[in-house]
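In the two assemblies presented below, chain A is common to both, partnered first by chain B and then by chain C.
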Partner chain A sequence: MAARKYYAGIDLGSTMTKAAIADEEGNIIVKVAGPTGAEHRRLANLVMLQAFKEAGLTLNDIGYVVATGYGRVNVPFADCQITELTCHARGVSHLFPAAGTAIDIGGQDAKGLTISSGRLVDFVMNDRCAAGTGRFLEMMATTLGIRLEEMGEISLAAREKVEISNTCTVFAQSEIVALLSQGRPLPDILAGVHDAIASRVVRMVSSLKVRPDVVLTGGVALNRAVVAAITEKLGCPVLVPEEPLFTGANGAALLAPEMARRAASKGEPVRERHLAELRLYEES
Partner chain B sequence: MTQGLEKAAAIYADRSRRARELKAEGKKVTGYMCAYPPLEMLTALELVPFRILGDCGQPVSKADACLPSVVCPFVRSSLDLALKGEYEFLDGVVMAHSCDVVEKTAHIWNIYLKPDFFHFIDVPHSTHSAAIAQHRNLLKEFRGVLEKLAGQKMTDGMLKEAIAAHNRQRALVRQLYDLRKASPPPVSGVETLKVMLAMMSLPVDEGSRLLQDIIKEVKERQPKNSCKARLLLWGSILDSADLIEMVENLNADLVMDDVCTGSRFFWPDVEVTDDPLDGLAERYLVDLKCPRTYRQQHDDYAASLESRFGYLRGYAESWQVDGAIMQSMRYCDIHGYEVPAVRDYFGSIGLPSLYIEYGYSRSGMAQLKTRVQAFLETLDGR
Partner chain C sequence: MAIYMGIDIGSSATKGVLLKSGRVAAHYLLASGGDYRAAAQSVREELLRKAGLKEKAITATAVTGHNVSNLPFEHKRLADIRCCARGIHFLSPEARTIIDIQALSSRAIRINEEGRVTDFATSEKCAAGSGRFLEMMANILRIDFEEMGPLSLESRSPVSFTTSCAVFEESEVISRIAEGAAVPDILAGVHQSLSEKLAALVHKAGLEECVALSGGAALDEGLVKSLEEKLGVKLLLPQPRLVTALGAAIMAAEAN
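Up next, the complex of A and B:
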C-alpha cells in the first residue's frame, strides 16, 4: 500500500463544492471548486478528482478524507463528517492565527463563529431564509439584469444609497422594481442592497461577543461593497482571505490528520475508498 | 411476553388505542392540555386522564381556519387533530390557562367541537399567597363541576387516595430517571420520552405497573461503554421523540430533561395536606416549574437566576452532563423570553449550552442537526 501522506477536505456547499488537499506539514497544496448546482450535485466526486489531478495524487495517497458543508453526509468516499462551523474555524485560524471572530456568508446560509486558540467555541447561524445570504445577492442581480460578479464594483460608484426596508428576498425584489421605475440610479440601488445584507448579518453576529480579528469568508466576501458595509457597521477592520471560498475545505483537510489519529487510537481500520458518485437519496 | 419498553413504545406509536378500549369498557376518558389540570381529581372519580397532544408528522389542514398560523405549532396541531375527529373518543376536555395560546384555543375548542363536558381552569400566573388561595378556590370549583359530571361526591379520602397513586407514579418516574445517572445510561432519551408519553395515555395505576416492569428491565441491561457526550435538555413541550432521536444519533446521550412531557411534569409530588386542596394548589401553582408562571425576582440578577433555576444545577451535577440544549417551540413566547436567563444561568455554572428553535416539523431537522453537531464538536474540543 502506498504511504498515505496527504489529507483531503471536501466542502459541499449549497452553491459550490470545494476540495482541498493538505500535506503532512499542514500546507494546503491544492484547492479546486466547482458548482454544486442541481444537476452537478451527483458529480462532486469530479471536483475531488480534479484536485487529485492537479496535485498528481490518487485516492490511495490520502490518509483521511473529511467531508463538510450541508451535503457532508452524502460523500461516500469520506472517512468522517465535521460541520462547516468547526471546519471554517480551523480554516480561518490557519490563515489568521489571531482571528477571534469569523463571519461566513455562503450561498444559502450565513454564520458567525467565535474562535479561541484556533477552535470554535460559539456560533450563530441564520434561520431558514435567504435574507442575508449569497442567494439574496443572486436574486437582486437577476432582478437588476447584471452579473453577480459586477455588483460590488458598480455599487462603489453610488452617490446616495437607497434604503431597502425589506430583508425578505421576495419583498426586497419588488421594492427594487419600484425603485427602478422611479428612476433611481443602479449604483445607489446596489449600495442599498449591500447595506441590507450587511445589516442583517451584523445584527445576527452581534448576538456573539464580536472580538477582533474579524475575518469574512464565503463567496459573498468576494463582493468588496459588502465587505466595506460590514466593516462600517462593525466599526473594526474586517480581514478577507485571498480565496475566501476555501476556508471550509481547507479546515476540513487540516482537521483530517487529527481525526485520523483519533480513529487509529480507537482501532478503527483504514477502509477502502472509492471515488463513487455521491447520492443525495436512495435510488432504487 | 412483550417487554415493558416495547409496550411503552407501542403505546407511543398508537396513543389512543388503550383509551378507546377503556371507553368501550364504559370508562369515561377526559382529555387535558398541558401540565396544569390536576389529574388527581379526575383519577379520584375514575375519569381516565388522557393528555391531548399534536402530531408533527401531519400537516395542519383544518386548524388554520380558526387559529392564526403564527402561533405555537403544537397547539395548532392538537386543535387540528381534534377538528379532524381524532379526539372524538374523549368524553370531556379540561384545559387551563397555561399560556395565552392554550387559553384562546380552549375556547375555540369548546365552540367548534362542543364536547359533552368542558372545563377551563384560569390558573393564576404568580406564586404569592393570594394567588395560591385563588388557585385553591378554582380547584374547589373544579371539584364541584366534576362531582356533578360523575353524579358522585369526591370525598377527601378519595382525593387523598388519588394523590397517593399519582405520587407513586412520580416516584417511579424519578427512579427511572435516576438510572440514567449511570455512564453510559442504560436507557436512552428517546426511550424515556416514549415511556413518559405512554404514562400520559394510561390510567395512573396501569401506567405505574408498566413503569415497574420497565425499571426492572432497564436495571437488567448492561450497556456497552461509550464516550458519548451527556446532555441536559431544557425547554418547551416535546410530543414526539424526533428531536431527541436526532440528537442521540449524533454521538450524544440525552440523560436528563426539564421538559413538560418529561421530568417537569412528573417531578414534584403533591403533599398530602389535611385539606387535600391545599397540597394540590401549592403543587400545581408553585412547584410546577413552567416559565408561564411569574416568580418573584430579586434585585440582584445572579440571585434571581439562582432562585429560579437552581434545580437545573442539581440536574447538571447529579446527571453529570457535559452540556445543555435549550429548545423552544417556534412562536413559544414564554420559553423564548426565558432563554437568555437560562443561558446566563448555565453560563454562571460553567455549563456550555446551545439554543435551538424547534419548528415542529421533520423537514427542519437537518438545519438543527448541523447546529447540534457543531455544538458537540465544541464540547469535544474541551
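Up next, the complex of A and C:
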C-alpha cells in the first residue's frame, strides 16, 4: 500500500460543497468547489473526485478524511466528522494567525467565532432566519434581476443609500420592489441591501467579545460592498482571505493529521476506502 | 335616518360595511392593488350603489387600516386594533381573545366584556407569522388559497418542518415535493408552522376563552383546525374578513 501522505477536508455547506487536500507539511495543495444541490452524497463524491483529479491523487493516497459543514454526515468516505465551527477556527487561523474573530456568512446561515491561539473560544450563529445570510442577497439579486456576483460592484456606485426598513427577507423583497417602482437607482437600492445584511450580521456578533483581527469568510465575503459595510459598522479592519469559500474545508484538511494520530493512538485500524464507493454514486 | 360607513384598508384587500339604522345595509370587499386611495374610494362608491344611497346621505365615515393621506371624502381615522375588537365584540360578545391575521402581520388581542382592548401582542417583523406565509406556500404548491383548507384536512401524516423562517420553509417545501410528499401533508405541515407562531403570539398576550379569529386566513379550515389543536380551544369565526370594517362603522355610529 502506498504511503498515505495527504489529508483531505470536505465541507458540505447548504449551498456549496468545498473540498481541500493538504500535504504532510500542512500546505493546501488543491481546492475544489461545486454546488451542494439536493443529492448531498453524490455531490460530495463528485467534488472530492475532482479534487483528487486535480492533485493527481487517489483516495488511497489520503491518510485521513475529515467531513464538516451541515451535510457532514452525508460523506460516505469520511473517517470522521468535525463541526464547522472548529474547522473554521482552524482554517482562519492557518491563514491569519493573529485572528481573534471570524465571521462566516454562508448560503443559509451565519456564524461568529472568537478564536484564541487557533482554537475556538465562543460562537454565535443564525440558521433560523434568512435575513443576515447569503440567502437574503440571493433573493434580492433575483428580485432586482441581477447576478449575485455583480451585486457588490454595482453597489459601489451608489450615491444615496436607501434605508431598508424590513428585517424579514420576504418583506424586504416587497420593499425593494416598491423602491424600484419609485425610480430609486439600482446602486442606491443595493447599497441599502448590503447595509441591511451587514447590520444583521454585526448585531449577531456583537453578543461576542469581538477582538481583532477580524476575518470574514464564506461566499458572501466575495461581495466587496458587504465587506465595506461590515468594516464600517464594526469600526475596525476586516480581513478577507483570497478564497473565502474554503476556510472550512481547509480547516478540516488541516485538522485531519491530528485526527489520524488520535485514531492511531487509540489503535483504530486505517480504514480502507474504495473508489468504487465513489463511482457507485457518480453513476446512480 | 343615521347611516354610517366603515372602511378597512388592508395590504391585500380593502373592505367596507354600511350601517343603516343599526343594521348592515351593504358590505363590499376589493383587492387593494397598488393604490389604496383609489381602492377606498371604489369601496365607498360600491357600498352606496348597493344600498341605493347618495353620498350626502352618510352621517359619518370611519376609516381604519393603512394610513392613507388625502382620502377624497370626509372621515374619521380609527386604530384598526380597536375596530377589530369592536366588530368582534358586536358579533361574538363572548370573545375575550382575538387572533387577527393580516397580510403582513398578525396580532393577538385581549378584550374585556365591554369589547375594550386590555392587552395585545403584535408580530410584524417576520413573514412566517403572517397571511403572506400562506400565500407563498400556495404559490409554491401551485394551488389557490381556497383549496388550501380542504386539502390540508385530507392529510394523514403532516410533514414536520425544521425551520420557522418563511424563506427557508419555502425551500423545505420544494425539497419535500421533490421527495414525493403528498400536497395535503405538506399543507398540514405549513398550517402547523403558522399555528405555532400564532400560538406563541397568543400566549404573549394571554389566552382567555373564548377565542375569535379575524382576517382572511380564518377562511382556511386547515389553519383553523391546526390552531384549535395547538391552543386547545374552539375558535369563533365571526365574518373574519369584514369584522374590522364593521367595527369601524359601529364606532363611527357610537361617536355621533
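Rule of thumb we're sticking to: the second predicted complex is superposed on the first by the 270 of 284 C-alpha atoms of A that agree within 3 Å, B and C clash if a C-alpha of one lies under 4 Å from a C-alpha of the other, contacts with A are read in each partner's own complex, and residues count from 1 in each chain.
As a convention for this text, contacts are C-beta pairs under 8 Å (C-beta built on N, C-alpha and C of every residue); 3 or more make two chains touch, one makes a residue touch a chain.
This structure is a prediction, so every number in the text was calculated from the model and none was measured.
**Q** Label the relationship between chain B and chain C on chain A in the superposed model as either fit or clash.
**A** clash
**Q** Now for A:Gln108: first (chain B), second (chain C), both, or neither, which partner does it touch?
**A** After superposing on A, A:Gln108 lies in contact with chain C but is clear of chain B.
**Q** Check whether A:Cys168 is in contact with chain B, with chain C, with both or with neither, and answer first, second, both or neither.
**A** A:Cys168 sits against chain C, while chain B stays out of touch.
**Q** By the touch definition at the top of the document, which applies to A:Arg119: first (chain B), second (chain C), both, or neither?
**A** After superposition on chain A, A:Arg119 lies in contact with chain B alone.
**Q** Which partner chains sit in contact with A:Arg135 here, chain B, chain C, both or neither? Use first/second/both/neither.
**A** Second partner only, chain C.
**Q** Of the listed stretches 57-65, 165-173 or 201-209, mark the one in chain B with C-alpha atoms clashing against chain C.
**A** 57-65
**Q** Find the residues of chain A that appear in the contact set with chain B and again in the contact set with chain C.
**A** The overlap between the chain B and chain C interfaces on chain A comprises residues 128.
**Q** Flag every residue of chain A that touches chain C in the complex, lowest number first.
**A** 38, 108, 128-130, 135, 139, 166-171
**Q** Inside the complex, what are the residues of chain B that reach chain A?
**A** Those residues of chain B that touch chain A are 357, 359, 364, 366-367, 370-371, 373-374, 377-378, 381.
**Q** Within the complex, which stretch of chain C touches chain A?
**A** Going through chain C, the ones touching chain A are 104, 125-127, 132, 136, 163-168, 171, 175, 178.
**Q** How about chain A: which of its residues touch chain B in the complex?
**A** Of all residues in chain A, those touching chain B are 70, 82-86, 119-123, 125, 127-128.
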